[in-house]
Structures are given as structure tokens and as C-alpha cells.
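There are structures below to look over.
Below, chain A partners chain B and then partners chain C, in two separate complexes.
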Partner chain A sequence: MSLIATPQTMSFNEPLLLSSGQRLQNYQLAYETYGKLNEKKDNAVLICHALNASHHVAGVYEANSESDVGWWDSMIGPNKPVDTNKFFVICINNLGSCFGSTGPMHINSETNKVWGADFPVVTVEDWVHSQERLIRALGISRLIAVMGGSLGGMQALSWSLEYPDKVDHCVVIASAPNLNAENIAFNEVARRAIVNDPDFHGGHFYEQNVIPKRGLKIARMVGHITYLSDDVMNSKFGRSLRNGEIKYSTQDIEFEIESYLRYQGEKFSDYFDANTYLLITRALDYFDPAKAHENNLTKALEKSKAKFLVVSFKTDWRFSPARSREIVKALIDNKRSVTYAEIDAPHGHDAFLLEDERYIELVRSYFEGIHKKLNAVTTHE
Partner chain B sequence: MSLIATPQTMSFNEPLLLSSGQRLQNYQLAYETYGKLNEKKDNAVLICHALNASHHVAGVYEANSESDVGWWDSMIGPNKPVDTNKFFVICINNLGSCFGSTGPMHINSETNKVWGADFPVVTVEDWVHSQERLIRALGISRLIAVMGGSLGGMQALSWSLEYPDKVDHCVVIASAPNLNAENIAFNEVARRAIVNDPDFHGGHFYEQNVIPKRGLKIARMVGHITYLSDDVMNSKFGRSLRNGEIKYSTQDIEFEIESYLRYQGEKFSDYFDANTYLLITRALDYFDPAKAHENNLTKALEKSKAKFLVVSFKTDWRFSPARSREIVKALIDNKRSVTYAEIDAPHGHDAFLLEDERYIELVRSYFEGIHKKLNAVTTHE
Partner chain C sequence: MNKNAFIECIAQLVPPNSRVLDLGCGDGALLSYLQKNRKCTGYGVEIDDANVQACVKSDVEVIQLNLDEGLTMFSDQSFDVVLQIDTLQHLRNAETMLLETIRVGRLGIVSFPNFAHWPNRLSILGGRMPVTKRLPYQWYDTPNIRVGTFDDFGGLANKNNIKILDSFGIKDAKQVRLLPNLRAPTAVFKIEKQITVKD
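On to the complex of A and B.
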């Protein structure tokens, strides 16, 4: 029996002051919730999403449907690691995204024009602040856990710093304390591909009724390469030819890997917004909690009070285990409780979305531990 | 005192049968030579160039000039590792390239139109065959060494297979026996960026008086990332901001690494031909001497009679040391003489063009050995 998800939206009229100094006068957030908030409202888990995902993290939209399955359905649901029979799970679409929360394709109420490229640049901290408002509006004053992978992990980490008294557990998966030069470089290639697409029109393409699909395709292709490990690419595609033999063409598809990447690019350009891609990659670039502390991550994490689960994947070269270990070290320096696991999965960065048993069971066991303590506390009171 | 280089060209009217089955009716090759061919014509070294380089491998074009220094000037010249006081060094611009040899921007003598995208697809083997003709025309029947880095290393390896009786020593640096899926994937991103640029016009942009610069820039940016190691990018650029502080812009330059990549892209798009980029990346994709031998590299290298020097660089993730070791293993399986060195340089793939002392001295010592034997033979006769 599938979990049925129901997308909701919440509107906010109190202006949101952004890291850039700009103010977003009003906005709405799209979100989904699963499971039930208990009476004490202390069983809420917030899931933060990564670059191209949405608030639809688990379940399906219609009973007996097999389409539109949430992006982390292997992790969240009844009897799953983050068990919706026990926890009240919330996932919120990030501001600036293109899946329902206010973003570049919406109307700027102050100008009555579509935002386009003028949508304010948002940061991980801005997202966290906007999420906190929604959590508060749901009557929740404290999250039992915040969890995310990749960019979602950065949000989880940021939650523990922005609201140290509101987060019990912080689960940071396949993430990093900031992007390195190579990560920024790949983001920049993607952005340039989009911005230089003549159909981008400086980010105001909606009025022209065109979409910078060429740029989006390239952006996705280059992104996709960084999600996969060398090994998985070689075992899945290797040098396999699409048509069994070489056709001697520079423009047609020769190798399976080309076909796969073009398909991924095509699919992505059908549903993702170009301005959103720019905004979200920039939020990734900017995230750097150590910056305000003379690049000392230990100092930066001093504020955090949460208990941590940090997970990395051996073949992830986008956010390598070494980057996760930086977080772990800074937490240990601060004498924080941290469980760290380096999973020997072959899939690269994508592993965080896949069903590796050791990984799934690790998260299950961590959340079982959280639930036990929650019950113990409830019983004692 | 600088070595003065003089570019030359040689025309060929005998058709060249290509791997694709197509015939190139006539063509010219641009090349440079350095040092003197001895009387016995047995001191010739052929240098093969990589993706974006030319036949201008060493020296300068004008006395006392510091511009236009050859791309491997650290390696080749008087008293340098490949010593032009001892060896006669030849470097030939590859067919299909854009630096003087016949390529897409030239006139197809059969149609009297610019070739453009109709220039025949060439392979590493085709280049080797065309180079052999030029070598023969210079009166050389045997090369004392063929040497190249990256794609140039593939050509050197191919020489030892196509003309086993004409190569004494084969020097293969920072190369691989074929591209893996990830290598092909990056090439495909670059090609798609070029082909999807509206100024590409299906490869017939010369007639339109435009250049697909946007695509070329992206191609170069993505290529450049793969040439550098993560470590060198972090130490050279890290997260340094261009203007000291964040401007909150998705389109302007924020980080030094962005500025660097955009500059590299801009520079490249000023001088490199888009059709050439497609052709050369395809030649890279196709190269796979083991393919005709049931993917058994040992079997494929059976033909080779040369002595090998194989060099890789620890931080090279484009053509990792593991790929060089595949070549070394196949040579050892065949009981061939092979010297292998893995240089612990921090620069990634680019290291093969840089002046790491251990690397430079290794090549020097290898060529000194070659020269000693050459003299020994000469003296005895």
C-alpha cells in the first residue's frame, strides 16, 4: 500500500529579509507532510531537498499509482527508515525553485511582472529561515530531526547553526561544509551554458515564450557526470556502442553514454526552470558557514547543539568522504555527539538516493534510536 | 638563445584511405623540424600533439621573441631532454586540425566549397598513416623515437602498432589505451555545446561569417576542468572571491575560478575551430587498439616491437595512472622492454606540459640512453 501524498501551500505576508539585504515582501511555500504530528508536537522531521528535487519526497499522488513516486521514497514512508507511522515528516520546496514555492516564474507583486532573472538571490540560510516560519506555523517549536542529502545536507547543517535550540538531530548525507573550486567550476559551466543560450534573453525568456533548453540540457549533462562514479559509468555504459558499430559521425550518437546523457538532458530541460538552476547553483556556491569564522569550521559549528549522523559514500567525487570528515572533525572538536559512516557503495554521489542496504539500515537504526528516546521521554513525563 | 622555429608545409596528392572508408584525395600537412637529420637519417624523433596543440612544439618564430613559444618547449630544444643538438625533431599538425594542415576550414578540391562539417572523420590511425608519409618524404625510414602526451601518447602507441618496424622507442605520457565512459561523456558535453550553438549552422558557419563561440567557450571550460587536479584548483583558486565580497549575482563573476575558466574559454574560442574540436574529440573517443582483439590489450600490443617509456601523473584524473598501467601490463605480458614512472605531481593531467623536475629529468635520461646507443652503433660501423 502506497503512501498518498497531498501537496499543500502556505502563504507568508511578513517580508523575509534575505542574506543579500533584499527583502521578499511575500511568498508562498509548497510542502508535503506525511504521518501524524503527535499531541506534544515533538515527532516532526524536516527533510531538505537538493538541487533538482521538490517537496514531493515520498509516496505517490494517487492510490495505486506507480508514477510520481517521491524522490526519497526508499527512505521515507510507513515502516521505512524514517517511519511515517512514528514521525511527522515535512518536506518544503525551496524558495526560488520551480515546483510550487515562489520563484522566478511567478509574479512579483510589487511590479506585477514575472520575476524572471530579477528574483532575489537566495542562500541556504534564507531557505532555512523560510522553512522555520512554516514549521512554526504548523505549531512545531522543535524538530526532532532535520535531514538532507547533498544540498539538502547543507540545509540540515545550517538549521543546526541558525536554530540550535530547535534541532535535536541533524542528518547530513553526501554533503560538504562548502563547495571546493572544482564544484564551483562545474556549476559555472552549467550557468554559462544557460546564460549564453540565445533563448535565455537575460533571464526574461518567459515573455518571449521560449525556453533556454539547449543551455539546460548542457547544464544537466555536465551535472549528471558529477553525480556518477567512474566505476558505475564504466560498468553501466563503458564503451558500448549504440548501434553495434562505429558510424564515423561527430554529431550523431555513437556511444551508449552519449545517448544516456542526451536523454537526461532532454528530460531535465522539459521540467526544470533555467533561472531556478542559476539560483540554486549559486546557493550551493555561497554556502560556507566557516567563512564568518576565519574559515575555521570548528569555530563555526560551536553554535550547533544537535546530535549528528553524517554519511558519505566512498565513490562520491562530487562531495567526497574527505569533505564529510571535515564536518565530523569540527563536531568532535566541539565535543558534539556524532555518528559517522562511510558507505562503500559504487554509485558515486547518486548513492544517497539509492537503496544500498547498509545505508538504508544505518538510517533506520539511527531513527529507531531517536524514536526510542522520544518514547522514553514521553513515558517518563 | 632561443631555438628559431620555421613552419613548413608539404602537399600530398596520393589519396589517403581513411578508417571510415572515405578517401581524402589530396591534403597538406603543416610541420616544423628542429635540429639536424644526421647522414644515416637515424636520429629522427617524431612528436605527436594533443587536442588543442599544433606542430609548433618548440622554439619561437622570431629571434629574441618571447611570444609564440612552442607548447613543449620545456622538453624539446638545445640541451633539453629531447636535445635538438643530438636529435632531429619533427612535429606535424594533425589532419583536420586548424593550424595549417588540411581541415574543415579549407576548400574541398572536389566540390570547390569549404569542407565545414563535411570534412571526413579522421582517427588516430589515419593521423599516423598521414604522418608516416611525411616522414618517408623526408627520407626517413625509421624513427628513433615517437613521443606524445595525452592524445599525442595515443598516436605514439598507434605508431608502434601500425609501423612496428619503423619505431625504436615509444614514449607515451599521461595517456590511456582508450577513453573510458566518463572521458567520452565530457567530450560529448563539449560537442553538444558546440553543435547546439545557433551559430554552428550544422558545421557550415564559415559561409555565414559567424563563429559558434558560445559553444567553444563551454567546450573549453569543461575540458579545462578535467585537465586540472582538485588539489591544484583548490590551492590556486580555492573559494577566493574576485572582488573580495559576495555580490549576490547569478550571472556576474563571483569566484576567481569562474573568472579563470571564462578567460580560458574566451581565449580558446578566439583561435580554435569548432569543427576541429568535434573531429579531434571523436578521434579520442574512437581510439581503442584492443577493440579488434576482443578487447584484449595484450593481444593488441603483440605487434609492437618498440621499447617503451610510459609516464603517468598521480593526480591526473582524466587519464589516471591506472590507465597507463594497463598499457604497461600489456607490454610486460608481451615481454617488451618498458620503463614506467608514476610522477607524484600535483597538477593533474596538465602536469605533462609542465616542468616538474623529476619528470623532465626522467625523459632526459631516457633520451640520453637512446643517444648513447645510437652513437655506439654509429661508432662500431
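On to the complex of A and C.
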């Protein structure tokens, strides 16, 4: 039987001071939980989501059990690597997103107008602070693990720095200590595609009853290319033609890869928000915990007390293994607990969402180890 | 070779409470033993997926790396002991890795199969590559890309100005100190960086 997920929301009226200096007077966070919080409230695992995902990380919705499967359902659930029979798993939709937490499509209570482009710029640290309030409200003072892939991995790393006494284990997958220039460049192409769409209206397109779909589509197409590896793209599409033969057209779809990218773009533009895309890519760009420490990552991670599992994928060029190794080196320099695996999967950045057996079993063993220690502590007392 | 007895034999060389880096740690059995019995901490380095998984299962922290790419991840003298147990014979850059071992560790412990052990000599005299308990492979399927002898290692250490603090052979999990080059299937060296005094 599938795990049934129930989305919830929690409202916060205490203003949240943001990295930019702005204040968010009030906000709500959408979230889901799976499994049971034990009596001692020490079995909670927080999952942080990446760019286009939501708080719906596992299971299905009762009304729609065929589609709507959580984005990391292969990893989280009963008897899955992060076993919801053992752990209480929480996933929170990030502020500024478009899946239920307060974002640019909502009403700004101070002006009674839709936020639009005026929604404050949020950072990874702001998300972590907002998440911590929700965790606290659930009565949890310490997380046994924080886990995420890509931008979610950045949040997990940030948790270990912002709240070093509240994180026991930190699982950082296919991530980086900051974005390099090439990575920021891809984000900028995506943002420009959105901003230059005539339907964007400077970010205030809601009032105009239009959606800058063309920009969103191109943004997604560019992004999607960077999530795949050359090999996978070649084996999946190669030079296959859509209609078997060349039509000598510059604008129609000729190659299968074009069709695939257009389809991905189309799908994305149906559910994602343009302002959210700008906000989240900016949060990615800004994340750089070493910056305040003369760009010395070792110094930056000195604060962290968590035990780490860092995983990268050999064919991931958007968040390459070399970037994960920087995190590992900084942890080793600080004599922190760390295990690092470099999975030889062919799927590029996307691999972190897929079911490579070596990867899945590694995470399973790691969480089994966490659970064993948790039980040992409980029995000992 | 009895694995557990061999582990105990090597473990005796590691001072209690040491911070240890085990290069080519395999399934993590030695590190696990050192953690439990000698209160050591540290990491293993391993390239093989199944071994990385085995380490995680036995609560040994492991860094998945190809040793042939060097030890740039580890700072100078950042470990009390760097172990290189049965690893040397698999490496392309064995000489560089030896120097890296004592750059990263204050103490290096290296062991490898001694090709000059007398049964191997007899086999070569008979015109065939040896196949023994210690070197159980045929010449065409061995994972060892090089073989060396106890005495050869002394020469390499000398060439690189590496100080040998102790050396002996191991046979049946016991130290062999008399004629180890002839009598022991396994060579063990305890090494450190030679400090050159500049005036």
C-alpha cells in the first residue's frame, strides 16, 4: 500500500528578518510529515527540496494516487532508505516558492496587493531560519538528520552552520559549497529568458492575467540540459529524427531532443511561477558560506558539529564531484566525521533523484547506522 | 593468512588514540578494529563501491577516492598514522604515494607481499611465477601491478630520504626479524619523514 501524504500549513506572525535586511512580517509554510515522531522527539529527519520541487517529497495524495507521487519517493517511505517506519520525516516548501508557502503570487498583508516582483529576495539561510521555526513549533529541538540534494544539499549544509547544536547528521547530495561562474551563467540565461518575455510585465503579470510561459519554457529547457549528461542525452535521443526524415525547416521540430526539451518546458510552464524561478535561482547564486571567512571553506565549516554523508555523481557536471570534494576536504581539515561516496552513475545531476542501486543502498546503510545508534541511546537510558 | 590475526599484528603498531588514515582500507575491518580496541579515529580511503558500502555498514568513515589521483584532500601532517596495508602493489604511482603517506602522516605503516620469500624464489628458479597463499593469483589475473621485495623497499626509502623506524616480516601473524627478506611472505615498514636540518 502506498504512503498517503497530507499537506499541511503553519502560519507565523513573528516577523522574519531576512539576509537582505528586509523583514517578512508574516508568512505561512506548507509542509508534509511522514512516519511518527517518537516520545523523545529525537527521530526527526528534515528533507530540503531543490529548485523546482515542493514539500511533497514522498507518498501519494489520497485523491490522486496514480499521479502526484512525491519527488523523492524512491528514497523516503516505509522500508525505503529513509525509513518512515523508523524516522519522522518532514519536508517544508521554501519561502518564495509556488506550492503553498508564502510567495510572490500571494497578497502582501501590508499593501493588500499581490507581491509579484516586490517579494523580498530570500537566501538559503533565510529558508533555514524559517524552517527552524516550524521544526520548533512541532516540538522538535534537535534533528537526527537534515538531508537534501542540489540546492537542498546547500540547505542541509547551511543547517549545520546556522544551528550546529540542532543537527546530528547532515546528508549533502550532488551539491556544492557555492556556485561557480558557469553555474551562475546558466541561471542568468534562464532569468533573462523570463524577464524578457513580454508577458512578464516586470514581475507584475498576475494583475494582467497572463503568464510569461515562453520565458519559463526556455528557462526550463536550459536548466534541463544541465541536469543530464552528454552520454545519457546521446543514448536516449542521439540524432533521432522526429519524423524519420529531414524536413528542411528551421522552426519545426526536427530532432527528438528538441521535442523532448519543448515538452519538458511546456510541462514546467504549466505549474511553475516565473517570479519563484527568479527568486530560487538567486538563492542558489548567493549561497556561499565561505565568503564571510575570506573564502576559506575550512574556516566556514569550523562551526559545524554534524556528522556528514556527502555523495556526488561522476557524470554530474552541474554540481561536479570536485565541488563535493571541497566540502569533504573542509570537513576533514576540521576533523569532522564524514563519509564521501562518488557514484559512477551515467545520469548527470539527475542521478540524485534516480534509483542507482549503489546510491540507494549506501543511503539505506547510513540511515540504518543512524537508527542503530538512536536505539542504543534509548536502550542505554 | 588469517585476516583477524594479521589485523591484530598491524594494529599493535598503531599507538592508542591515534588519528588514522587507512589508504586502501578495503571493507574497513582494520579501522573498525582500531576504533574498538585502540580508541583510534579517522577515515579509510577506498575506490571500490562494494567496499565503501561495507565500511558504512560497519560504521567506518570512508572517503571514496582513486589513490592514483593523489592525496590532495589531506593536509600536511594531519594524521598521527597513515596506513598503507597491501595497497602499494596496486598503485601506479607507488613512489609518489609513499612520499604522500609521510607528508600526510607523522608516522607511516606500509605492508606488502614480499616477493623474495623463499617459496617464491624456488618457483622462479623452477621457471614459473609463484602462486602461494600470500600471492594466490596466476600471473595473468593478478590485481597486483607490481611486485617488490623486503630489501627493495629499503632501497626505495633510502633513495627518497625516508627514515625507516622499524621493519620486519610477518609470517602466520607473527613477526619475523631474522632474515625477513628470505623468511617472510609479508614485509612491514614503519616510516617517517627524514627531517633535514638546514643551517
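The definition used in the following text is that the second predicted complex is superposed on the first by the 379 of 381 C-alpha atoms of A that agree within 3 Å, B and C clash if a C-alpha of one lies under 4 Å from a C-alpha of the other, contacts with A are read in each partner's own complex, and residues count from 1 in each chain.
The criterion applied here is as follows: a residue touches a chain if its C-beta (ideal position, glycine included) is under 8 Å from a C-beta of that chain, and two chains touch if they have at least 3 such contacts.
Since the model is a prediction, treat every value here as computed from it, not as a measurement.
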Touching partner for A:246 - first (chain B), second (chain C), both, neither: first
Winner by number of chain A residues touched, once chain B and chain C are compared: B
Touching partner for A:279 - first (chain B), second (chain C), both, neither: first
Touching partner for A:325 - first (chain B), second (chain C), both, neither: second
Which superposed partner A:335 touches (first chain B, second chain C, both, neither): second
Contacts of A:113 with chain B and chain C, given as first, second, both or neither: neither
Chain B versus chain C as contact partner of A:192, first or second or both or neither: first
Common interface residues of chain A - those touching chain B in one complex and chain C in the other: none
Chain B - residues contacting chain A, complex: 19-22, 117, 120-121, 178-182, 184-186, 188-189, 191-193, 195-198, 203, 214, 217-218, 221-222, 225, 228, 230, 233-234, 236-239, 246, 248-251, 254-255, 257-258, 261-262, 265, 275, 278-279, 281-282, 285-286, 288
List of chain C residues in touch with chain A within their complex: 19, 41, 43, 49, 52-53, 55-57, 59, 61-65, 73-75, 78
Contacting residues of chain A [partner chain C, same complex]: 325, 328-329, 332-333, 335, 337-344, 358, 361-362, 365-366, 368-369
